[in-house]
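Take a look at the structures listed below.
Same chain, two partners: subunit A is paired with subunit B first, then with subunit C.
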Partner chain A sequence: MDILSSLADGFGVALTFQNLGLALLGCFLGTIMGALPGLGPSNGVAILIPLAFTLGLGPTPSLILLTSVYYGAMYGGRISSILLNIPGDEPAMMTCLDGHPMAKKGLAGEALSLSGIASFVGAFIATWGLILLAPQLVKIALLFGPAEYFALFALAFMTLGGVSSTNQAKSAFAAMLGLGLAMIGVDTQTGVPRFTFGEVHLYDGLDFLVAIVGLFALSEVFIFLEERHGNSDAKGKSLIIGRLTPPWAMVKACTPTMLRTSVLGFVAGVLPGAGASLGSFISYSMEKRLVDKAGTFGTGDPRGVAAPEAGNNAAAGGALVPMLALGVPGSGTTAVLLAVLLSLNITPGPLLFANNPDVVWGLIAALFIANFMLLAMNIPMVGLFTRVLMVPPKVLMPIVAMVSFVGIYGISGSTFDLYVMVAFGVAGWLLRKLDIPLVPVILGTLLGNAMENNLRRAITIDDGNWWTLIDSPLAIGLWAVAIVGFVLPLIVGARIKARMRRRDEEGAIAD
Partner chain B sequence: MSDRIFGVFGVLLAIGFAIAALQIEESFLSDAVGPKAFPLIIAAILGLSSAVIALKPDAAPHWPSLARLAELAAAAVVMLLYARLLPELGFVFATALAAAYLSWRLGNAVLMAIATGIGTSVGIYVIFHLVLGLSLARGPFGF
Partner chain C sequence: MTLANLRLSAAALLIGAAVALPASADFAPQNPECIAPANPGGGWDFTCRQVGKELQDLGLISKTMQVVNLAGGGGGVAFAEVVNKRNDSDDLIVAASSSTATRLAQGAYPGNTLEQVRWLASIGADYGVIAVSKDSEIETLPQLLDMIAEDPRSVSVAGGSAVGGWDHLKVLIAANAHGIEDVRQVKYVAFDGGGEAVTQLLAGSVQAFTGDLSEAKGFVDSGDIRVIAVLAPERLDGEFADFPTAREQGVDALGANWRGFYGPGGMSDEAYDGWVDMINTLYASEEWKAIMETNGLAPLDLSGDEFQAFVADSVAQIQSISREIGIIK
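Here is the complex of A and B:
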């Protein structure tokens, strides 16, 4: 009952004209960004953060805007998967496998609306999961001292590489690069400057928003410049969309699939380092194994469209759980959302639920509202979004670059920050070429100072004894999970990744 | 091969980071750990992971031709110039120029690229400045 009354308060916060308007705007922009190949949830949210700040929005409205974009992008990713066989973002990759064949059979409208419903079911169940699970996790987190927090941060970094990269050395490198960047600036505890090389601009440290926008948004521009593919304008051929409502029998046949994969996706989302891509992948694989008796998966089976969509949207909701309850995000986009909270001087974690219940519950209520808006938007209005797909990269990418510049300049008005952003853009391009994951870099710059502070606090409390780090059963447990999480992918991860790749190729060949 | 070069670069970076960390001045008011310890841990793991990357390289990525690399460098220079000239030319002019350049290099015809540049610039100005009230760089003409 406690939860329901908190939720009711949350709806009180969310149901203002401003917040509803922001949710609507966020859903709309998010769907567009998800649908456009080359703009995914993380860079979509990244380029809008500065906007939220410069508009002077408070914490709750900013979060409502940006999480609506996040949920919207998860919905939108499927549109280009189905129509063009190009995933709009990485989690939507699995939707290509059955979505595009359905579209080629003239069932594009059915595929779009069915996947819209599946997205809704996934996100809806995941939001309930968030409500039920997050407060429980908070209770555990309240037992954490500095040593446990340090172990938790280590766990986040060590498990993050897991699926996102095949090479653990590279994800470790990325995490350390991020942590190292976070060290730049004046040391908060003793006041001595570190790694500033006498540059006054660096005394405050690098602004992680600059790093995020550079790494995610600008590097995308460089990738497009390198390949110069005007691909998507050639493929803007008109597919027949057909009817925009799925037959009732189709929805009914897919319901068990949607429910199962929603739960599975949610669990995958909560686990650190997995995120929505894994959610949609294991959802699809499980359903294929469970219900694909006639071998129709991959040839336009509606259940093969519903499964990954429910899975990735549920995982998106699940990924919010560790971010809100522990302050440790499990995916790229939740890392970006964490950056928003930190810039607004709100520290996520157990205290957030105690000190800022309006933010937490307002956000959760907004997620429900956004979800209904998205359902409403994505079924009748899907034709509008399909038209957005015609925007070629040669027009889109300059806009992305310019909006990034405007946003960062709007926050600080500093040319130096723009230089740093360009540098991050180039670095992001290079890291992507070398297959070094960007998310640990971002997470490192975000969490570096908190991680160091917890380390120093823990050791100072215990009079300089470093063994205090593994002194409590809880800390030992966290370290054990961290080590398993780091070592296990060395054995299993490569196999899963290889299978994901193969599926992708199969999809391409089947085309 | 790319990974080997990159790994060696990473090791050098780690050494540089460690040296810079050792040169941090200790304050007389320090906690038990001090400002150097954590950066040194980072440097150690950074070096270790770079060494692993160098010793066990993945397959080399597909690098663009020299011409494409020059293209990327040119784009980066244009962006830096944009950052430099933004306060002097004002938002609308600087943005139109930069966006037109990018659009042109992404494969648009010159006239279309100019149109895209002007459209982007004016569009952002109207939405972000006039509608949303964001403060953009003011040039000599006030916009």
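Here is the complex of A and C:
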């Protein structure tokens, strides 16, 4: 077969001593960067770009190093989500929801190893997807016009409610807050600055990386300061990792979840712009809808750990598809990788597979190798990475604060971003006090612009006719799913809550 | 009338010959640094990195050029940084292009004007193209413009810049040259970058694409889109020779997205001449010609005072066209 022989050639390229070493280095650094709050895949890759250039690496070795970092960071993000309840990177935020409760129950080791396996499954399936789909991609991407994109974003927000909070109103408020924040900056449709107050730094809108680090990492520091004031022994932080292999039954129970969410995450990753965050988010919500009959999601359900991890790693692989095949990055990190390709004088796009087969297939083979390396690193050796995070909070929190500041300053080199980050930190602390979930805020900020632009593009193209939004079968399908996803939890959720309340009351009586 | 002016000056710019400057007293930057006012991957980033690499390969600078990505405000953050904090640096150059001039013209860098920096030199130009998808019935530029003139609502033109940005202006220049009086009627849809715009052209959501040749190159090579006009004075060389110019189709429209550099306003004359010299040497090299060819850059060789005057002219002209379409008051 054509594909298999190309892949064999690819392994020929990847299996040199230098390339294997680079993959190993990339996986290791990537996992650490993913695990450290504030450093995510995109800044992880960005930080290592100078390294690749100073080593004088050619295109293929550079790409192998950087995509290993990318995959590694996607693996590593879960570690701090589970242990600290701070997402190590933005796609790992959904992993907090069940990962941290598991860790609190003393199942941290199981959660880590299970999510490691889920990551592996997700990335493995996505790499195969990449091989099979990349050549076919153009057709799929082309089904999505502005109207369909708008429907897809609407779907994301309408199914958001039941996911991250028990209170739909609060999460709707959080989403609106995020969408409102996304309005800041120059409106790309008319070029008019909005809510910028003449401040040139706001012209490009709020950098969501800054928002994420502020909301999650800094607010964590504030909460720590408040709660442990004068008492920094941090009783809650002496987490028991527990056994580092998940029980077979747990893996078995999660296998259908992993397979489903891998496919879903991959599809979400392939869509340009949607990226890994949407992948893990949609995976989690779908699984919650599908298998969470007893309402255990959010309280430490292993499936709630497996779903977003398989989803986000699959999305990471998926995001490479449009980047390689169309030259349109599917996520923030692939945008950085695209930049690397361009500076190495390789033009991604329809011609890449024909002109530089060694680069493409060498990269794909390296992804397989990196994935196995990461599985090995993340199951038996996960203790090594957790030790990085197991330092007591009185040491860790200053480091979190420091890495947040250095990391953000390192990306933009602007002190303005630091002020914005601190503002988000305070806002995050306030929102947490009010029990308003942070995830919808970020998603709103992240997707708001793209959503608005696609709405306005669709309307402009059809001369102000709003019916254009439901003018294709795909759009109608997406809207149907969105409405069902919004209405269903209101009905079913009320019933489940009623049942839970009854059970709680019975429990109280039994005590 | 302003559109006509813009065309004229674009023509003037293309005729502009390189003036060899006297070699300056060996200026050598201590820590050469290039600010790319955008995230990695865009044109400005490319400009910094390629020029930095070539300057070093040619032995013009002894140290590696440090490339700093200072994104924000469409280049406004970098511009303000240079004006406010780096005004005296002799080692610093900043990547710029037509969109820098466009934003300066439209007052999109609040409080900043083009006189605050010293314009060094251009390193090439990326001609505008107007393209349709491969299955389109539209064969020529006049055909497309006639459709717009008859029923402006029937044609959506997609581009990678915001309304009022360079991609938008290019299609307006062409429409105006074809005798469409009220260019505001032209339906322009802004996308985030040329790649996304081309994707939507392929998807059939829009009917035409306006962008730069380098953006369109990959899609032309793969046969997905068809260039119906390139906004250059005459046909380009090599693989681009097949593209008809707008002018030969009777639409007298020119649009070149130049790439180049500016330095801080307080840069010493010695350093200014030194940088201009280095960029001129680079421009004349065979290596740079090869890079221009692979990246779809056409010749545009302006430096020193000539470049300074050229940028000032384009800013003035973009200002008047923007006023005409109501972008600025």
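Convention: the second predicted complex is superposed on the first by the 288 of 511 C-alpha atoms of A that agree within 3 Å, B and C clash if a C-alpha of one lies under 4 Å from a C-alpha of the other, contacts with A are read in each partner's own complex, and residues count from 1 in each chain.
One rule holds for everything that comes next: contacts are C-beta pairs under 8 Å (C-beta built on N, C-alpha and C of every residue); 3 or more make two chains touch, one makes a residue touch a chain.
Computed from a predicted structure; not experimentally measured.
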Of the partners subunit B and subunit C, which touch A:V395 in the superposed model: first, second, both, neither? first
Between subunit B and subunit C, which makes contact with more of the residues in subunit A? B
May I ask you to decide whether A:G198 touches subunit B, subunit C, both, or neither, giving the answer as first, second, both or neither? second
Tell me the contact category for A:P101 with respect to subunit B and subunit C: first, second, both or neither. neither
Could you tell me if A:P146 is touching subunit B, subunit C, both of them or neither one (first, second, both, neither)? second
If you stack the two complexes on chain A, which partner ends up touching A:T460: first (subunit B), second (subunit C), both, or neither? both
Figure out whether A:Q189 sits in contact with subunit B (first) or subunit C (second), or with both, or with neither. both
Determine, under the contact definition given at the top, whether A:Y419 touches first (subunit B), second (subunit C), both, or neither. first
Is A:P41 touching anything from subunit B or subunit C once the two structures are fitted on A? First, second, both or neither. neither
Can you list the residues of subunit A that meet both subunit B and subunit C? 187, 189-191, 413, 460, 463
The answer for subunit C against subunit A in the complex is residues 39-42, 45-46, 49-50, 68, 70-74, 76-77, 80-81, 106, 108-111, 153, 156, 162-165, 187, 189-192, 195-196, 199-200, 202-206, 217-219, 221-222, 224, 294, 327
Subunit B residues within the subunit A interface of the complex: 2-3, 6, 10, 17, 20-21, 24-27, 29-35, 37-39, 42-43, 45-46, 48-50, 52-53, 56, 58, 61, 63-64, 68, 71-72, 75-76, 79-80, 82-84, 86-87, 91, 95, 98-100, 102-103, 105-108, 113, 116-117, 120-121, 123-124, 128, 132-137
Seen from subunit A, its contact residues with subunit B in the complex are 51, 54-55, 166-167, 169-170, 172-173, 176-177, 179-180, 183, 187, 189-192, 194-195, 218, 221-222, 224-226, 228, 230, 393-395, 397-399, 401-403, 405-406, 409-410, 413, 415, 418-419, 422, 425-426, 429, 433-435, 451-452, 455-456, 459-460, 463-464
Using the touch rule from the top, collect the residues of subunit A that touch subunit C in their complex. 46, 49, 138, 141-146, 186-191, 193, 198, 200-204, 272, 326-328, 335-336, 338-340, 342-343, 345, 347, 349-351, 412-414, 450, 453, 457, 460-461, 463
